[in-house]
Amino acid sequence: MNTSSIFGDMLQTIAKRGRKLLSFGWQPLPADGIGELERACENLLSRRGEASGMALAGDILERWRRSAQDDRRAFMAMLLEKFGPDPERLEKAIEAYRGERSPQTLRELHAAAEPRRQELIRRLNLAPNGIATLVRMREALLDQMASDRDLEAVDADFSHLFGSWFNRGFLVLTPIDWSAPANVLEKIIRYEAVHEIGDWNELRRRLDPEDRRCFAFFHPQLIDEPLIFVEVALTKSIPGSISELLSEARAPIRAEDATTATFYSISNCQDGLRGISFGNFLIKQVVEELRRDLPKLETFATLSPLPGFSRWLASEMDPASGALSDADRKSLELLGHPEWSSDPKTRATVEAAILPAAAHYLLRTRTQRGQPIDPVARFHLGNGARLERINFLADQSPRAMRQSHGVMVNYLYKLDDIEANHEAFVERGEVVAAAAVKRLLRNERAVRRALPAPEPEKQIESSSQNRELTS
Amino acid sequence: MNTSSIFGDMLQTIAKRGRKLLSFGWQPLPADGIGELERACENLLSRRGEASGMALAGDILERWRRSAQDDRRAFMAMLLEKFGPDPERLEKAIEAYRGERSPQTLRELHAAAEPRRQELIRRLNLAPNGIATLVRMREALLDQMASDRDLEAVDADFSHLFGSWFNRGFLVLTPIDWSAPANVLEKIIRYEAVHEIGDWNELRRRLDPEDRRCFAFFHPQLIDEPLIFVEVALTKSIPGSISELLSEARAPIRAEDATTATFYSISNCQDGLRGISFGNFLIKQVVEELRRDLPKLETFATLSPLPGFSRWLASEMDPASGALSDADRKSLELLGHPEWSSDPKTRATVEAAILPAAAHYLLRTRTQRGQPIDPVARFHLGNGARLERINFLADQSPRAMRQSHGVMVNYLYKLDDIEANHEAFVERGEVVAAAAVKRLLRNERAVRRALPAPEPEKQIESSSQNRELTS
Amino acid sequence: MNTSSIFGDMLQTIAKRGRKLLSFGWQPLPADGIGELERACENLLSRRGEASGMALAGDILERWRRSAQDDRRAFMAMLLEKFGPDPERLEKAIEAYRGERSPQTLRELHAAAEPRRQELIRRLNLAPNGIATLVRMREALLDQMASDRDLEAVDADFSHLFGSWFNRGFLVLTPIDWSAPANVLEKIIRYEAVHEIGDWNELRRRLDPEDRRCFAFFHPQLIDEPLIFVEVALTKSIPGSISELLSEARAPIRAEDATTATFYSISNCQDGLRGISFGNFLIKQVVEELRRDLPKLETFATLSPLPGFSRWLASEMDPASGALSDADRKSLELLGHPEWSSDPKTRATVEAAILPAAAHYLLRTRTQRGQPIDPVARFHLGNGARLERINFLADQSPRAMRQSHGVMVNYLYKLDDIEANHEAFVERGEVVAAAAVKRLLRNERAVRRALPAPEPEKQIESSSQNRELTS
Amino acid sequence: MNTSSIFGDMLQTIAKRGRKLLSFGWQPLPADGIGELERACENLLSRRGEASGMALAGDILERWRRSAQDDRRAFMAMLLEKFGPDPERLEKAIEAYRGERSPQTLRELHAAAEPRRQELIRRLNLAPNGIATLVRMREALLDQMASDRDLEAVDADFSHLFGSWFNRGFLVLTPIDWSAPANVLEKIIRYEAVHEIGDWNELRRRLDPEDRRCFAFFHPQLIDEPLIFVEVALTKSIPGSISELLSEARAPIRAEDATTATFYSISNCQDGLRGISFGNFLIKQVVEELRRDLPKLETFATLSPLPGFSRWLASEMDPASGALSDADRKSLELLGHPEWSSDPKTRATVEAAILPAAAHYLLRTRTQRGQPIDPVARFHLGNGARLERINFLADQSPRAMRQSHGVMVNYLYKLDDIEANHEAFVERGEVVAAAAVKRLLRNERAVRRALPAPEPEKQIESSSQNRELTS
């Protein structure tokens, strides 16, 4: 046989798995009650031999894929109720441990306390392409959880396993350009959550020009599915509005002439991987890639939305709230006019009041856990970025006008400071900001109330809760 | 048709990681006491931000790689003693669970009972190429365990995580031929555990002819390291001796003319993955690949060693043992002569006695768990193969003469029967064998003592304990 | 270094060349007169060392790329006038050959008669990516030739070299599916010449469903540029209309259920390679690929346009022409009504007359060279296909209504007959047709005039003259 | 970023072709007389359709591959005698051209003067993998030419076409390291022509250490066959002996610490491509690659053999020759002692005489064409290198002692001077040398005879005649 590399073959194999999966679609399965699925799951768990495990796992996943909404709900309920730990075994294990605190009794206690669904999920992953279906399964689970909080116990097991399987060590950062496969690119269109991509021509404008870059994380077992991606514009300065970057008419610059890399859109792709954080790794690694490729780059910054700003501002329009002065509040009432941004005078009035308000929103508000309430701010500040600039009327798309009255923010990633900024934020809840941003703050006395310290036990949820909120 | 350039990039990235890892070798690290490593591990565990976790994980792994034997022992001892569960937290969790059996208290109980080193190992895997070092780490751990059984608790955590990370769903079956990269092929030479490969010319004879095949499992994160591989000869009948297959002088046949695929060597490659079973999947999948490629293939069989036969036979030479007749025992004493196999008459005498003894060894002996005592037999029978034929003087290499007096066995994989054979073996401890093999049995009355039923709880250890024993 | 295959590297290298080429676009060159280009060309030809030839060749090609229409015309004129053979050398060579007919004098005669531009073009191809620019160059040349037939001499040299460089032995047949790179797919959209692809969604419908296939020929030096491609529908019978295949609403069938592969669109992509035939190889090879992949396929047919039919029919409306009966001519006058196809009665009248006319057009008309006047018919019949069926109102798109009043044709590729059909057509000008098609013929006596024998010297121009005409 | 999955498919296709080719080996062909081959060739040339051309071409090549030595000779004789130009057509074409000197008559004259075997060879290349066989064919042809100079006319046609097909624009420079496919690496072992590679361990020492590099040119249609390769050592200074580089005991340096890249072995791989020059491109491009990868590299030099030195020196031992002084001649007689290099005094005496002799050999001797008589010197000087240093006893292998009494040479590639050096050498026959080398010259008056100017018409034969002579 001739020069076919190991990898050629690996990829073929993975690709073939994908094809087969697709063609499953054609074999109608008999409708099964949930009871039959439960028996199949017990069967899979109890097998001592593995030879037929793959087939059985594949079969269970296939049934789930074909099942209707109601059956899926029943399936999750079954996982909750029937595949927890065995209470008797657990009781015995506790007794034994209390009797003698040995490594053996401890191991048995841990094993007995583990919900049986963990092993079940592991065995489902035996099926070719199992992981893809398991991710879809958790997507459905998260939906159900909205109305059924008990399912959190099931989700804890999915999360635990996904955290292990999607460990950073297994992810691969990959540049995405106009020569990427169409089946991957269509997902970029679909998953872009910050600045919508209308069609393939717009996609091309985001990927093909010399001064545009895009990077995604992939998992080797999900080869057609980006997990998270970031779009980058190479520029000569930090941009103050999104139209500078996305205008159809703009002239591209030469990549070598760029001094600044602007991250203007970060989107999580897989709802089923919510809470598994990739974003902080992504930015750090993309910065490294860009610096290697274009040594002249000096500045790494974002152009980011403030998704929670309008809502917060509305809540602060109550005179009882301390965040805004009466004068500013009055100015900001102008935002109620649908056409406020068309009138230069109104615009100026709003600008004078809204920038301090945004500074306050970013620097002074805190969640109960002691973090900024803006999710995108939490993300970048938690990554060690600095709050660099607040931009007025920087995004005039309907959504941005609705979410943040058009305000956007630049976060700056200064490599030498990232670690210190990150520590300051994580340990002490400090938001590092440029002097110009700090100067925007008013009413300093009013807000110098004790900010709550950040909640210590939980790891920073660095990947935002919601795809739309990132960047 | 589906493969994607995405992978070109992925593979490059993975390859680059490997390169970097190698070049670490050049940066001498200061010698560190174990205390410093412990602090680093605690630090890694306690970080709430992940930004610097990768670097820290990489640093710990690097220190471990550079550490001497003694420090490695101390490291494992540290994992055992310092990174178990937190006893106070566990005590509290037990109390809480006893107070109220809710999903919440159960989750906390499970979490509290989990040794902290599990999360530590997960975080070490954040480092680029971390998995490769973790596999080496367990290799060292298994060595230590030989003299320190307490470390089994640590190994349980490694095993647990490796079982998850090396889940069958993540492995890729890859054909290995003469166009494979040299750095992979040299590992085939190194890891071949059944029929030694002397040099590259011999390797070529195993891979290049049209009637030879080789397949390996790879994990996408260990791209230069086969996990397990099998060598296959395409033949026109089931071979009765290894020299038919490996003789330098033999004439290859056309692949299309073959009716039989003979698996004549299976080797596990990674000591650090001992107990993580790949072998049963491997054979099933290779059979499928071969059938797709060469539809004329009808028979799938092995030519396998009996690694434990000589030892067992020696123990049965005691007249008190019931397995052998006096006459046979007398004949088998001839094996003591170094040149017994050169004399036709002696050979015939031995043959008449040794084949029944081998049949008895395979069909009638049992371990305490109720399985055959020959590890290769356990492996293939557990996979659903049938014991097809016992071959006299089938391997005259010094090792084979020592281990099994030259006897080899064919196991037959008959696709339609695999499942039933497997069930019979696993559930009822039955060894399915060809009539001709069964007819070899003597003293049937003597051995019809009750065989112990197979031990039920443990999953079959389908991957042999020892690389040398497989196939 | 780690597992990067030879080919990974090869592809990277080729890809890098492409990138570099693109970025040339940014360096404005000083405007040069044609005189300077001529000197550069003479310089390139006269160099005895090659070290700097690549750079010089690259420079000349770059100047040409940047040159305006007029300069390009002047460049071609220069190739014609200044880079023919050296007349004195040729004269001497003729003398010498006449003096002594030796291999030496013959070689010199051949060398002296070769236009110097052949070697010039060869040396231009030294430049990285030179071939891509040379193809563009000939594209421009063919345009100019329309108004300046003297340039045919220059084109003969381009053709000669391209025939050698794009030799079938160098082309690679590649399946194109929805996972192909976007930069290749956009060319499929752009080059589709038979049934227009409106947008990416339509493209996806042509490539992604299980019952669709697409194949293209590529040249290893033009990796982003398909040379010719064919679109295939897998069906259960030979389709009689294009809407069956392209309707958005249609339900795909399973690939394994297909019995028929219908080639419904073949498009040449590179105007600069006009006359270099790929099409006949393409179909033969695609048939082989499909049969290997889907052994159940039995029938290979086309659904093809009749691009010259309306024009021919118009010319036959003159009663003096013998091809149509008066009655048919009358019926066909109905085609003049814009809405003729909406009225069932009119449709029936037209059908009865137009099918015999189409049969006549395909079976009886001949060019001066003795071939059918329909270029698509020439293509498929020359490849050894059989004229299988004529379909009424099979394509109601405006273009098809204009070109052929909606008539389409099925050509059948029956593997066992291809060779004989091809010989019959090439040697004796015979069109092999199904009985049902022949039965459509009227006025047989009238047309049994002696058909001219096909012109013997010229190789069949199997690739149509015009992209739009194929399939 | 640009690579494409298209290529995965392309490579697979090419690889498959190779496989098929190999398996041809199994189908015994009936022994055919040369007459049948001639008819097949005429048939291939005369076909107007191409549909069956591929098969016919494949068949002819296959017959040639299976043919014995004698039949191959007869085949070449046939190409010479039967497939030259058609004399009548040529006569007519000359008449016509004399009658009217038009583009048309000129084209016909050129066409008529072209040996018919050129088109025949082009059509043979239609066969899958045809090019590989055609290269073997010319290999055989070159052998025959040694005894039959008439075949030069046939070789001229092969050369002409190979020059076009193996145009630099089609070649791909590829790094070869220890992860390259074994079937490529075994060819590196086989083709190494300067410093033999004993086995795979030695190969590994040449490829794997961080301070070693190897690059090869490949043609996309010959993916398993390097065309030419160069081995490079990264060093801290220009080495004066080969043992410094190849000693098993040496300690590798870090690649980043290297300042010098030493090209210590260049080997042509394909005898069938003799005279098609790749070497000059190779060195220039490898220098570029290395500089990109390792920006600290400052010096690019060779450590090269003097393959013709001993022979020339022997011829100069005649006192009548003017190159050596009587004293030097006397000293050099010591070379006759087999053990001369073991005795320090003898060594010193020889050194004092042999270095000036080598300087004379390199700087002053000339072939009839006015070039240095040492082929390796011609190669590097023709590429624009400078003669930098002559090293005494630099290679003590038996072959080197025989060919050059152990003397080796460093040629220096100084990027800024390459072009000027090259021009000086090509245009004026000047050898650029370091002052220290020039100072070695004695008898300057004696040699200041007029050196012949380099022969103008022929392009420099930059690829040496003989594989063993390069580097």
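Labels A, B, C and D are assigned to the chains in the order they are written; within every chain, residues are numbered from 1.
Here is the rule we go by: a residue touches a chain if its C-beta (ideal position, glycine included) is under 8 Å from a C-beta of that chain, and two chains touch if they have at least 3 such contacts.
Chains and their UniProt names: A, B, C, D = Malonyl-CoA decarboxylase.
Note that the structure is predicted; figures quoted are calculated from it, not measured.
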Interface with more contacting C-beta pairs, comparing C-D to A-C: C-D
Farthest chain relative to chain C (centres taken as mean CA coordinates): B
Cα-centroid distance, chain A relative to chain C, in whole angstrom: 49
Distance between the centres, which are taken as Cα means, of chain D and chain C, whole angstrom: 39
For chain D, residues contacting two or more additional chains: 1-5, 8-9, 11, 14-15, 178-181, 183-184, 223-224
In the complex, chain B residues that touch chain D: 1, 3-5, 8-9, 15, 23, 26, 178-185, 199-200, 204, 210, 224, 254
Residues of chain B that touch chain A when the two form their complex: 1-7, 9-11, 13-14, 48-52, 54, 84-85, 87, 90, 94, 97-98, 101, 103-104, 106-107, 109-110, 113-115, 122, 125-131, 150, 152-153, 156, 161, 163-165, 167-170, 172-181, 184, 218, 220-221, 223, 277, 280-281, 284, 382-384, 418-419, 422-423, 426, 456, 458-460, 462
